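Following this line, the structures themselves.
Next come two complexes built around subunit A: one with subunit B, the other with subunit C.
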Partner chain A sequence: MAVDKQKALLFGGAAALRLLLFTVFPGLPSLLAGRVEVSTPVTSFKRLQEGLFLYTHNVSPYDGGLYHQAPLLLPLFSLLPNPSHHPFATNLVFVVVDLLSAYALAQVAQSGTAAVSRLFSSSRRDLRWSSAAIAAGFLYNPFTVLTCLARSTSALTNLFILTAMAKASQGASITFTLALSFAAYLGMHPILLFPPLLILLYDARAAKSKTAPSAWSFTITHTLGLTAVSGGLLVASALLTGSWDFLAATYGVRLLLSDLTPNVGLWWYFFIEMFDSFREFFLGVFWLHAASYMPGLTIRLHKQPLFVACTLTGIFAVFIPYPSIADAALYLSLVPLFRHLFPLMRYTFLASAAVLYASFLGPAFYHLWIYAGSGNANFFYAITLVWSLGLSVIVGDSLFAALRDELDVERPELKGKEVRRI
Partner chain B sequence: MLSSLSLFLLSAFVALASAASDYHEQLLLRPLPQDTLLASFNFRSNESQTSFEQQNFRYVPRSLGQILQHAHTQELHLRFSVGRWDAENWGQRPWQGSREGGTGVELWAWIEAESEEQAFARWLTLTNALSGLFCASINFIDATKTIRPVMAFSPEGDHRNAPNLHLLHGTLPHEVVCTENLTPFLKLLPCKGKAGISSLLDGHKLFDASFQTMAIDVRPVCNLDDGNCSLEMEQSVDMVLDIARSKRPRDNPIPRPLPVDQIECDSSKGYNAHDTCFPLNKGTEPGWTLEEVFGKPLRGSCPLIEDSDDTNSVCINTPPERTVDIKSDGEFRETKFASDTLRCYKLPVGADFDLVLPEQKMTTGLNRPDPQLFAARSINGHGQERGSTQAIIKNPSTTEPVEFVYLESLPWFMKPYLHTLRAHVDSSSESPIKETYYRPALDRHRGTHLELRMVIPPSSTLTLTYEFEKAILRYTEYPPDANRGFDVAPAVIRVLSPQAADKQGIYIRTTSLLLPLPTPDFSMPYNVIILTSTVMALGFGNIFNLLVRRFVGADEVPTTAGGLKGILQAKVAGIKAKLGRA
Partner chain C sequence: MALISSILALRRDARILKIPPYLSALCIVIGIAWLLVLPLNEYSRNTYVSENALLPGQVHTYFTGSEHNVFRAYRQEVHAMIDRPVEERSQRLGDIFRSNNLKVATQKYSYHVSNRTIANENVYAILQGPRADATEAIVLIGAWKNMDDEVNNSGVALVLTLARYFKRWSLWSKDIIFLVSGDSTTGPQAWVDAYHDGHDERYVESLKIKSGALQAAVAVDYPAGPWGHRYDKLHVLYDGVNGQLPNLDLFNTAVQIASSQMGIGCAIQRMFDHRDSYKERLQTMLRGMVSQGLGHATGPHSSFIPYHVDAITLSTVGDGWHDEMSLGKTIESLFRSLNNLLEHLHQSFFFYLLIQANRFISIGTYLPSAMLIAVNFSITSIALWVASGRSTEPIPNPASTAPPKDDSAAKKDIAALSTESRQPEMELVEQDDHKALVPKASTAITERHLLFPLLSVLTIHFLGLIPLYMFNTWGAENLSRLYLTFANGTTLLPLVIAWFLSELRPLSTQEVTLIQCFSLLLLGMILAALATLNFSQSFLIGVLATPLSFVRKTNKTWLTAIQLGFLAVLNPVMVAQWSAKLLGADLQEVLVLAAQGWHVWGLWTQVTVWLIWFPAWVLGSVVVAGGVMEGGLVG
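Then we have the complex of A and B:
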């Protein structure tokens, strides 16, 4: 019962904090919704409001350059009272979304698959934080709080990603397929999480039933399931909006980057400055690059699928076209699941210093460029480079630690000794 | 105070007298407050529909006529404008604003076509051809600057025989109207600026005016009795000249202060002394002549005008008290209308004609009719990220509510949020918006098109606001002067009620807006490509280096000396092994 009380306090405190911030600073949500670090063209709440307005006035929101979010969000949010007059219901939805995400994350932590999977068991598996501590790390992460206050729809994508992870680690096939389909439907790039999470699900099912199911039929069933659910969502969207225009306006914009609004990622400034004749080529290269990590990581670390999924969210936070701090918040909340790897990481100080440096200087340099006029675009661009570098150092360093940890199990005689890569 | 007819009625009154003739021209002069002078030139030519179809051109110029035929254009309106009409001081606009355009170039036309695509293709043909004819960048009116207005414009001509008409409208607010646009404009006239009132038009004075607008309107007109149709082409120029500025000689255009002993001082001022002087406001109308303000003499009548007794080419609208002297060697005739407030002159043929108005202290003035609406539009907010637009529209009438259509045509990189649109009238809490038409912008394909039908109650002010976001563009999409900002076309207001007396309608245009956009650094595309690629390469290299290589203990690695020496030793060992095997 003590644990339950602790969790209730944790979740209650997080909800109270968010509601308090919503009530005490009523201007804060719209301020944050306008910040480029928090809201991107594909997740901004203000654009969602515009889409809702057009949708409720029978103008197709996809016949315009502002709304790039999924069609099914429209009927969902049109049920709520108008957020510019009665914001409480909408705010409550986003608070609940955060709490559900934290609950899913706590379930992932509870399952213990981070350190012990079917084929692999870390020698440091006793070194771990409680699920409550990890949920607290998500709920009280300032990046998560800011995302929630800005009411950015990436909070929903994060919820579905975390739910998919939780259900995969519990071996719940149907809810896993549903959650991942929704995540992919809302954000497109989460589809890349399917192979590692499928392995995770397979491991969980194999551990449950004692006789491992056939790998091939398992894969085919779930792939078909995912295709069917995603296809169903897309058809439902097409029926709802009356045409397939939404594909170009949602996924097309992510693929072709027609909206160059600044964000914390690497794409926007690169494609502002890109020569027109090379634009398509580099779009292809960038997407190929972002997608190339999935097969490599999945094959090399197939014994630790949860780690692969976690690392992929880190890669998304750096290399997708419209990243925001919400993506970084998701990754940084997943990293504490791998507490047992922390002793093996080498650049913790460097990476955390870079991330902190970028978090504080980013808004300042953006102000200098856009409002004060005393700096130019390079100021903010330089900060996004540091931010990306800091996150990619964490990704690379944790990957090194995971591989080193695997080596300690394969060759216990090398434990604590210096190693080389050949 | 004499009551006077409105300016519009005066011009209509004079114009109607000879509407049936094949060619007609008229200049209406009207002194405005603050020592300014409004000059409205109007040239009208007719061509019967049959001779137009047979390409038998007399007064309608062949160059324009063939473009219209090629582009299947039934009705055309083209405007070149500079400056702002100061409605607070000058009152109602000439022609009720129907012959006026927004700053820069404005073009709208009714095109006959089977489908929307065909209409747009013909529209592009039209804009490209007009661009060549008028030496203007009209060819830059592409899909992003073209809209299809729904309520704001209605055809002036009779289009009973043309069912598939498409209205297209485009603006170029950035276009600088200049002499090179005036020259082709004058060439379209039968007398080509050599005789008649067009001989007064001079680029130096026209483009130095406080406000000027050149208009070309082509429309089919049908006679109701016999059903005969003809093509009517109207060219008009309206300009507001600052008299003192226009009178400056061309060889010495810089205004210099007079020596202090030549200025008449206001001795009632407390600080008046031998070395301090406040110029005396004499309260007189300034003296001027046509040749002084236009810089060229009026070279008599254009001989192509149909000669009849009621042909009056030059009219001046002043109180009867104002002295107007005529200087001419030829034979002219003066007629007075509207209780002597309108004096009209039939010009002599082949002899110069000049009006001389001496400096005069006036005791009476003319009533200046107020416009139906006052409109002003501005951008609020700071920073290059977002802002809001505010339009303030005032109804000065104390009795009549005014119904109007408000049309905005915004560039695609200015992204309005329609859910933030608020219209508020200070005298009532009821929403003034009766009808909305909205077509959102598509990035790089089309601009925003917003039309609102609204009603303002008497003596109230309407405030319309909406927020917008500024897009950041690719660096090749910025003009060379990127930090100057981008021009946003003026809003067009069409007054629906009180109704206009004729089909031309009542229009008001706001000024254009200057929209600063965020700019990237234009000097470093290579640096950006290199730095971004470096960060990506660090991430990719680090991760794939870990993934593809294998860990071994440090003591298991074959120990070779590092550096150049080690490499050389390894090579030598390799070669030795090969030689040994051989």
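Then we have the complex of A and C:
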């Protein structure tokens, strides 16, 4: 009972904080929706409004060339009253989305799959935070709050990713397939989470039933299921907009980076500077690089599938074409699940200081570049490099810790000794 | 790899914890010394014009002869308007512009700040450049009243004369806007806000006519009466709101034209008698830094700079032999140079410190000093973070042969105790080929409880909103009383908070360390970010906050008292008091001006003070005051 009260307080507090901020600072959402750190061309609420306007006036939402988000968001948001006059309903939707995400994250934490999976059990598994603490880490993370206030649609993508993780760790096949299809439909890159989460799902199912299901038929069924649901979503989108144009406007933009608005990622600056003749080649290289982590990590760390999925979200936060602080918020709230790895991590202070410094210096340098006119694009880009460095140090450090943790289990005699790579 | 692991091993060395305070102090000393050597020839450079389109002083000026008669007539006209109501004044000014075939419009503004109303009217006229396509414009400003609240009689007359004179030239390739603003700070702000549609229509009227993108603005301040006054020097004002500066090229062009072409000396930062000695250079730089650090408007030009319109004010000072025509010629030549511009001023520096009218220090040279000051906080914060992870139990000396003190109970059993149980637990540390036995407590890392320290730091910073709100919204008549209450209240605040904490929730040593750690981390980070936006502000606040790196909670009452006394002097509220006295300003006026700055100019200084500096001070003082509770009253 006490735990429930605590959770109610936690969720109620988070909702109250968000609604308070929405009410006390009515100009804040629109200000944040215009910030490049929070809203990217593929998640911005302002662009969603533009798409909505065209959609409700029976024009193809992709005709304006501004809207790059999934078509199915349109009927959903057109049900709500116009956010520029009556923002409350829309705000409430985003608050609920955050609460549901936190709930899913709490479920992931509850399942305990972070430290103990079917094939692996960490020697430090007793070191963990309660699911309420981890949900609090998500709900009160300033980056999450800012994303919610900016009403960026990446909040929805995050919700589906977290739900997919929760359902996979509970062994719920159908909801997992649905959630991951939605995540992939909205954000495209979450499709890369399928293999590690499938392993997670398999482990959960194998733990539930006495006999482990056949791996091949399991994989084939779920792949077919994912294809079917995703296909269904795409067909529904095509029926809704009346053509297949949305594919080029949504996934095409993500793949080919046709909108070079600055963001916290690494792509935009490169592709602004690049000669056109090299563009295709480097698009291939960048995508290959971003996607190549998935197979490697999944194979090497197949005993800890949840850790692979979490690390991949960290890699997405750095290496996808349009990252925002929402992606970093997702990763940073997943990291506390691996509390048992913290004693093995070596650069926590360095990495968190880099991330914090970047979050202060980023807006300052953007101001110097865009508003004061006394700086230039290099200022902001330098800071996004520091930001990415901070995140990738956390990713690298936690990977080291996870490998070290595995080593401690495999070779207990080496525990506590300095390892040296030869 | 080997290097990294040896660095990591070094981290476990207990001695390393003793270094940071000295390192912090070294950063501060170097940071301040760095600033002090800047005025030397080795670290400063002569100014130069880098935009080659400007060609300062390359044109012959024709503003002479009969224009002088016109000027004298306008001066009398303007003088006759002084006691007239605002509407009539605007009407008459408009008529003069109109008689010269210029498009004229007016703009009313009325701000409500600290229970006072600031209302007046701007009059402006647009000269459409014969070779221009209305995409670019330059502005000539003559504020009706200057910063000292004198009527800018000759300045406005000069603007009118130049409007008549410029209209007859066919060479303008940019529009020229002549603006007679109601006052020196609020009027130009209202005008430039409305020009960029950034105004609040409840207080400021929209502009009826506009021209193209503003390229530069020059304001004239020449308060001589109807019979004229010969001046000695031009005082060039260049600080913008929030410490932003105009492009150095504009400043250089003005100085070069005035001193080389017209032979008028130029002064900056009220250093009217600059003999180019080290002391005077330093004084000029420090005055510039204080002005930049406060971020207030210093003239009609200040409001333009946040909109990325480079602007300066030329103000006449002293008694000499230069007359109004040489000022007019200077402006003519300056406008001819600006007329040559092919693109927005961008070549030269936006970040600089001037030590003389023709010598400057560039950002690369001076920035490290503020960064070093900011880094000192980060270093202490890292040290505190490491310290918070160490066990709080005293590390026994393993080599000691003396039995533990005051163990009367233990003495009885001493024979029964095995010797090793009295020995501290030892651990083998290996590095490269060296091995050492050290007490376990000196390398063990204890669990940190972050939640309470984090929440208290955030809460105190959030509570800074209260004074920010009160000082900006209360009526002018109550501000001094509010200030007095605050000065007394905040001096006692740390003790009160410490007392409450000791009663309700005594803090562990680790929590105290972590509170200080987070507070300093935040301070260091924000000051580093601020140094890139407003160097002087970051440096000044950094220097005034340096004691926060060194104060610690202690059980010695006298040490606590000294620390608290020292901190009380450096309380931001107290600093406002004594620095106002030092700079010869009236505190009441400063408070009113600050509120005006917040509402009208978009001043950010208060945010830095109330949400960053003040909370950091409160947290540091609470940490120290905790020692009083333990050492004195409670313990």
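In this text, the second predicted complex is superposed on the first by the 421 of 422 C-alpha atoms of A that agree within 3 Å, B and C clash if a C-alpha of one lies under 4 Å from a C-alpha of the other, contacts with A are read in each partner's own complex, and residues count from 1 in each chain.
Going forward, contacts are C-beta pairs under 8 Å (C-beta built on N, C-alpha and C of every residue); 3 or more make two chains touch, one makes a residue touch a chain.
Computed from a predicted structure; not experimentally measured.
When both complexes are overlaid on chain A, the residue A:T23 reaches neither subunit B nor subunit C. In the superposition on chain A, contact of A:L356 is made with subunit C only, not with subunit B. When the two structures are aligned on the shared chain, A:S121 is found in touch with neither subunit B nor subunit C. When the two complexes are overlaid on their common chain A, residue A:F400 makes contact with subunit B while staying clear of subunit C. Of the two partner chains placed by superposition, only subunit B is touched by A:H289; subunit C is not. After overlaying the two complexes on the shared chain, residue contacts for A:R346 are found with subunit C alone; subunit B is out of touch. Of the two partner chains placed around the shared chain by superposition, subunit B and subunit C are both touched by A:Y371.
Of the two partner chains placed by the overlay, neither subunit B nor subunit C lies in contact with A:S78.
Using the contact criterion defined above for the overlaid structures, shared-chain residue A:S209 touches neither subunit B nor subunit C, since it reaches no partner. Partner contacting the larger number of subunit A residues, of subunit B and subunit C: B.
Shared interface residues of subunit A (contacting subunit B in one complex, subunit C in the other): 371, 418, 420-421. Against subunit B, the residues of subunit A that register as touching in their complex are 34, 36, 46, 49-50, 52-54, 59, 63-66, 84, 258-262, 266, 268-276, 289, 292-293, 296-297, 300, 315, 318-319, 369-371, 376-378, 381, 385, 388-389, 392, 395-396, 399-400, 403-404, 407, 411, 413-414, 417-422. Subunit C makes touch with subunit A in their complex at residues 1-2, 5, 8, 244, 306, 308, 344, 346, 350-351, 378, 382, 385, 430, 521, 525-526, 528-530, 532-533.
Every residue of subunit B that touches subunit A in the complex is listed here, in rising order: 382-386, 412, 415, 417-419, 438-444, 469, 471-476, 518-521, 524-525, 528-529, 531-532, 535-536, 538-540, 542-557. For subunit A in complex with subunit C, the touching residues are 346, 349, 353, 356-357, 360-361, 364-365, 367-368, 371-374, 418, 420-421.
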